[in-house]
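Read through the structures below before going on.
Each of the next two complexes has chain A plus one other chain: chain B in the first, chain C in the second.
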Partner chain A sequence: MTPIGWRILRVIAILAIVVWSLGPILIGISTSLSTQREVNAVPSHWLPAHPGFQAYHDLLGGTSGHAGGTVTEKGTFTRSVYNSAFLAAVSTFFILIFSTMAAYAVGRLRFKFGGAVLALLVGTMIVPIFVIVISLFKVLAEPPIGPSLIDTRLGLVLVFTATLTPLATWLLYTQVREMPPEPEEAALIDGCSRLKAFVRIVVPQMSSGIAAVAAITMLSVWGEFLIPLLLTQTMNAKPVTVQITEYVGKYSTNYPILAAAGVLALIPPALLALALNKRITGMLAGSS
Partner chain B sequence: MPEPRHRSGGNRAARETQILGWLFVIPSLLLVALLILVPMGHGFLQSVRSGGFLFGEKPGYVGMRNYKDVIHDPVSREAMVHTVWYVVLAVSLELVLGILVAITLHRVFRGRGFVLAVLILPWALPSVVSGVLWQRVFDPDNGLLNFVLLKLHVIGEPHVWLASGRGAIFYITIVHVWGVLPLVSLIFLAGLQSIPDEVYSASSVDGAGPVRQFTHITLPLLKPSVAIALTVGTLLAISIFDEIYVLNGTALNTRSILMQVYNTTFVQADFAHGTALAFLLAAATAIFGVLYALALRRTTV
Partner chain C sequence: MTETSGTISLEHVSKRFPGGVMAVNDLSLEVEPGEFLVLVGPSGCGKTTALRMVAGLEPVTSGEIRINDRVVTRLPPRSRDIAMVFQNYALYAHMTVRNNMAFGLKMARLPRAEIRSRVDEAAAMLGLTDMLDRKPRQLSGGQRQRVAMGRAIVREPAAFLMDEPLSNLDAKLRVEMRGEIIRVQRRIAAPTLYVTHDQTEAMTMGDRVAILRDGVLQQLGTPDEIYDRPVNVFVAGFIGSPSMNLITARLAGTVASFGNSSLDVGERPGLSAYDGREVVLGLRPEDIGVDGAGSLELAVNRVESLGSELMVYLDSGVPGLELTARLERRADAAAGKTVKLPVDLERLYFFDTESGAAIW
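Right after this comes the complex of A and B.
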């Protein structure tokens, strides 16, 4: 093939990647702005004739009775978004504190059994969530102290922190190993305590890795489905991923409302991924 | 005089390091022990005990019986076959498409940053949302797939895509691949970046065309990335759940092992058999996890 042929092929491939990546999102947006009649028409209308926010209105304000197999209630969806944001923010906060400390300890401090601790933490990454989630239900229902943690945000925060801290520790550990030790050593020689050197020198050195890990854990918690599906029952703790599946009707679904829920649920992770995409791609490609 | 003081200072620093080391890992260790290791042990005990009175059995230790039961259970077997299909289809699509995406985006061009940003979007979205976004494509009455195929005269009348056996698995796999392909593409992109340009310039002097360069240079040098992508893809596909739940629920024709675990445990309330099947799946996952670690080690050494 001629060089021009290859160039044309490449342009087509680039366009295909963009269409493949954005296509379903655009269909979702278009559906959310359509009416159910347009969607159900044969053949279906893929672009709304008069784009409107009726589906968003129904989703957030509640449908009086049935809207083609999908029932919504005022305040329910907003509450689930709030729960998801709370879970992502609070879990990520604890994951970052614990994993930064652990990564520094096993990566820098030469303490006894440090290697064994790292092996144990990394080893638990192989434990699939689904083997523990069934028993987690029992552990959270009857915790050693306090009332049942089923259907509470605290319970979910604990579970997400436990399941994601090992991964975060591993990602930050690889960064600690690559960081030059000289700044910290200089501070120690100047009489700085180890703790002070960690807070003042090492944590700022790790900041780019911490930002990438924060983004990755927030995306993971926001997208988690199986754990909250099994450990929540009411709007007290139900996140948006679980709430969305309740808009899928058993026999027929109101596509515009479902799509509106999907679009609203994808905005936060999409913005986060776009804002931090260089850091995320660097961390994923570097350590996966 | 300064010598001993220095030594005692050194000792204090060493002790400080020991104490700080443990203080810093104790929160993580406690969390992991209480919320991962204890439930895992608890789950294993459950899998070797009988289901109890609810299932008309005496409670107690039954050894490997629950494991034998689920291996011989026709529905679980069917779920295992489905899972193999999910893994094989997903991984082969991800490898082929991932390499093509990486090659396309490897060289610098105007707008590359935009395309890379757009590329990772599907990975960032919850898989439940992916399922929602794709749902209208497979709608039995007037979905996009039927619409396009009718227009192209490939089919004569609308087809119920998610109701037919293997076909349904294929469509759900596509939704799964949509979310995983960005990750696989990035792995290959990093692999391509590690191949020095001189290798290519030397070969083009020798008169090798793009296709020859690909099969003789790129592919062999990408082997480590292929190994990583293969294991990552397998680990993600072997426990497929979210996409199936949204698109087809617990329907028998698309049920994966994890969906069968869910159904056994939480719909039929049979914890004993549910956990046994979960541990079987975990064993399979662990094997691929070890292979993953080995593949990683080979690339870094």
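Right after this comes the complex of A and C.
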């Protein structure tokens, strides 16, 4: 085929991917700006004739009489967004602390069974969480100390931290291996203890990797659905991914409200991904 | 800068790596007050390991290390009162030049004004005053090297350690920084242990030179001592550029012969035991063709002109062995020609073929 032929083919392929990925989002935005009546109209049409923010209004302010099937309450959606943000931020905070130190330890320090520790840690990534979900539920419901952690943000933070720390450690481990050891050795000679050299010299050296891992974990936590679905019951801890499902009514659903919730839930991770796009792809390609 | 004068001493220091490799084997040496001692050897000879043990970055398997008469063998690096310059500079990339240099002083909790004045003084000494607010990545290799030096000297340590600090620089800058390091070290007057694989650096910079091979100290002495009286074949071949010609020759009386050549080497006390046996004859390229009582008549294989002088490669007559002679530029030598060259018999070296030890 001629070079031009290839080019056309490539453009078509890219367009297909773009439509595939962005299509549902565009349909979601279009739906959220429609009314329930328009959505149900036959024959269906793609774009609302009179776009409006009624669905957003209903979602955030509570359902008015015409929402049909879907019940919303003022404050619940924002509370779920807050829960998601809280879970993403706090889990990421702990994940970063643990994974940075663990990656440094197995990547740099020489100690017995260091390799085994890493293998074990990475090995846990192979186990799908659903295999252990029943025991997980039991542990959280009846923890060795303290009250039940079901339906608490603390419980979810614990689970996310435990499940995402291995991935984060592994990503940062590769970075530690590529880092020259001399600056921290210079710091040791300059008067630092190991811990001080780690905090003052190593962590700044790892900052690009840490930023990428932070983005990856925040996005993962934000997108978590099944685990919080199983471990939460009320607005006390319910994240936005679970809350959205509440807008699916038993007999009928107000699609504009459902779509509006989806669109709003998408904004924070989209902004994060846009801001840190380069770092994330760099990290996943192994060349932070 | 205050006058510091301490010593670095290693006593029977050994390092065995897990897996059994003996990186440093029973190394004993002392860097005297204000002395610049160069530890030199081929790569993998254990010189960097030795330095890292002095720094405390590598645990010692056996032996004792003292800095300024204080035993530091088991102390962490920060408690040893040393400063080290690394091959790749090891600057703190996220800090400015000023903060790089001030870091150690901050760790030592010196008063801010004191830190400032010490950094300014060191920066002035190294010509870094205009760069104090830059980050390392905005500096050239030579400038980074200066910052690494500055970071070491502001600490006013009891001892300096340098691990091939010039090997990442280009040739011209390397010569320049050689002088600079010596100048700074003379001014600070702290004992310095300097590791390099470059024998030119060793010879030009060291008050004394220690030559290490496979973790074992071969010879310790001034550059002249090492050049003039190498204790064994290894040292003889390692020091000097181009390196010494080493020829296996058979001794009959006072006559040593190899290939089609023979030299009457005269009486030497050590050689009498070797009558009728083989010895290794050492002949420096610069001692051929000058003047002397002996002479060699050899065919020229090829000639390289360095401008100021000629490197002449001669057929020794022994299969596979080429001799190198360093002749003045107008010397009458061309490939294919046979030349008769005087040999300074006073400057011949002899070594045992088995042990490699020098025979005097």
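The working rule: the second predicted complex is superposed on the first by the 280 of 288 C-alpha atoms of A that agree within 3 Å, B and C clash if a C-alpha of one lies under 4 Å from a C-alpha of the other, contacts with A are read in each partner's own complex, and residues count from 1 in each chain.
Here, a residue touches a chain if its C-beta (ideal position, glycine included) is under 8 Å from a C-beta of that chain, and two chains touch if they have at least 3 such contacts.
Just so you know, these numbers come straight off a predicted model, no measurement behind them.
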Item to check | First, second, both or neither for A:P204, with chain B first and chain C second | outcome: second
Next on the checklist: Which partner chains sit in contact with A:S193 here, chain B, chain C, both or neither? Use first/second/both/neither.
Outcome noted: both
Item to check | Contacts of A:P180 with chain B and chain C, given as first, second, both or neither | outcome: second
Next on the checklist: Looking at A:T124, would you say it contacts chain B, chain C, both, or neither? Reply first, second, both or neither.
Outcome noted: first
Next on the checklist: Per the contact definition in the header, classify A:F53: touching chain B only (first), chain C only (second), both, or neither.
Outcome noted: neither
Item to check | chain B or chain C, by number of chain A residues touched | outcome: B
Next on the checklist: Let me check the overlay on chain A: which residues of chain A are in contact with chain B and also with chain C?
Outcome noted: 188, 193
Checklist entry - Where on chain A is chain B touching in the complex? => result 1, 6, 10, 13-14, 17-18, 20-22, 24-25, 27-28, 31, 39-44, 46, 97-99, 101-102, 104-106, 109-112, 114, 117, 120-121, 124-128, 130-136, 138-139, 158-159, 161-163, 165-166, 169, 188, 193-195, 198, 219, 222-226, 229-230, 240-241, 244-245, 248, 253, 255, 258-259, 261-262, 265-266, 269-270, 272-274, 277, 280-281, 284-286, 288
Checklist entry - Can you list the residues on chain A that touch chain C in the complex? => result 180, 182-183, 185-193, 196, 200-201, 204-205, 207
Item to check | chain B residues within the chain A interface of the complex | outcome: 13, 16-18, 20-22, 24-25, 27-29, 31-32, 34-40, 42-43, 46, 100-101, 104-105, 109, 111, 115-130, 132-137, 139, 141-144, 147, 150, 178, 182-183, 186-187, 189-190, 210, 228, 232, 239, 241-242, 245-246, 258, 261-262, 265-266, 271, 274-275, 278-279, 281-282, 285-286, 289-290
Checklist outcome for this item: The residues of chain C that touch chain A in their complex are 55-57, 76-78, 80, 82-84, 86-94, 103-104, 107-108, 151, 155
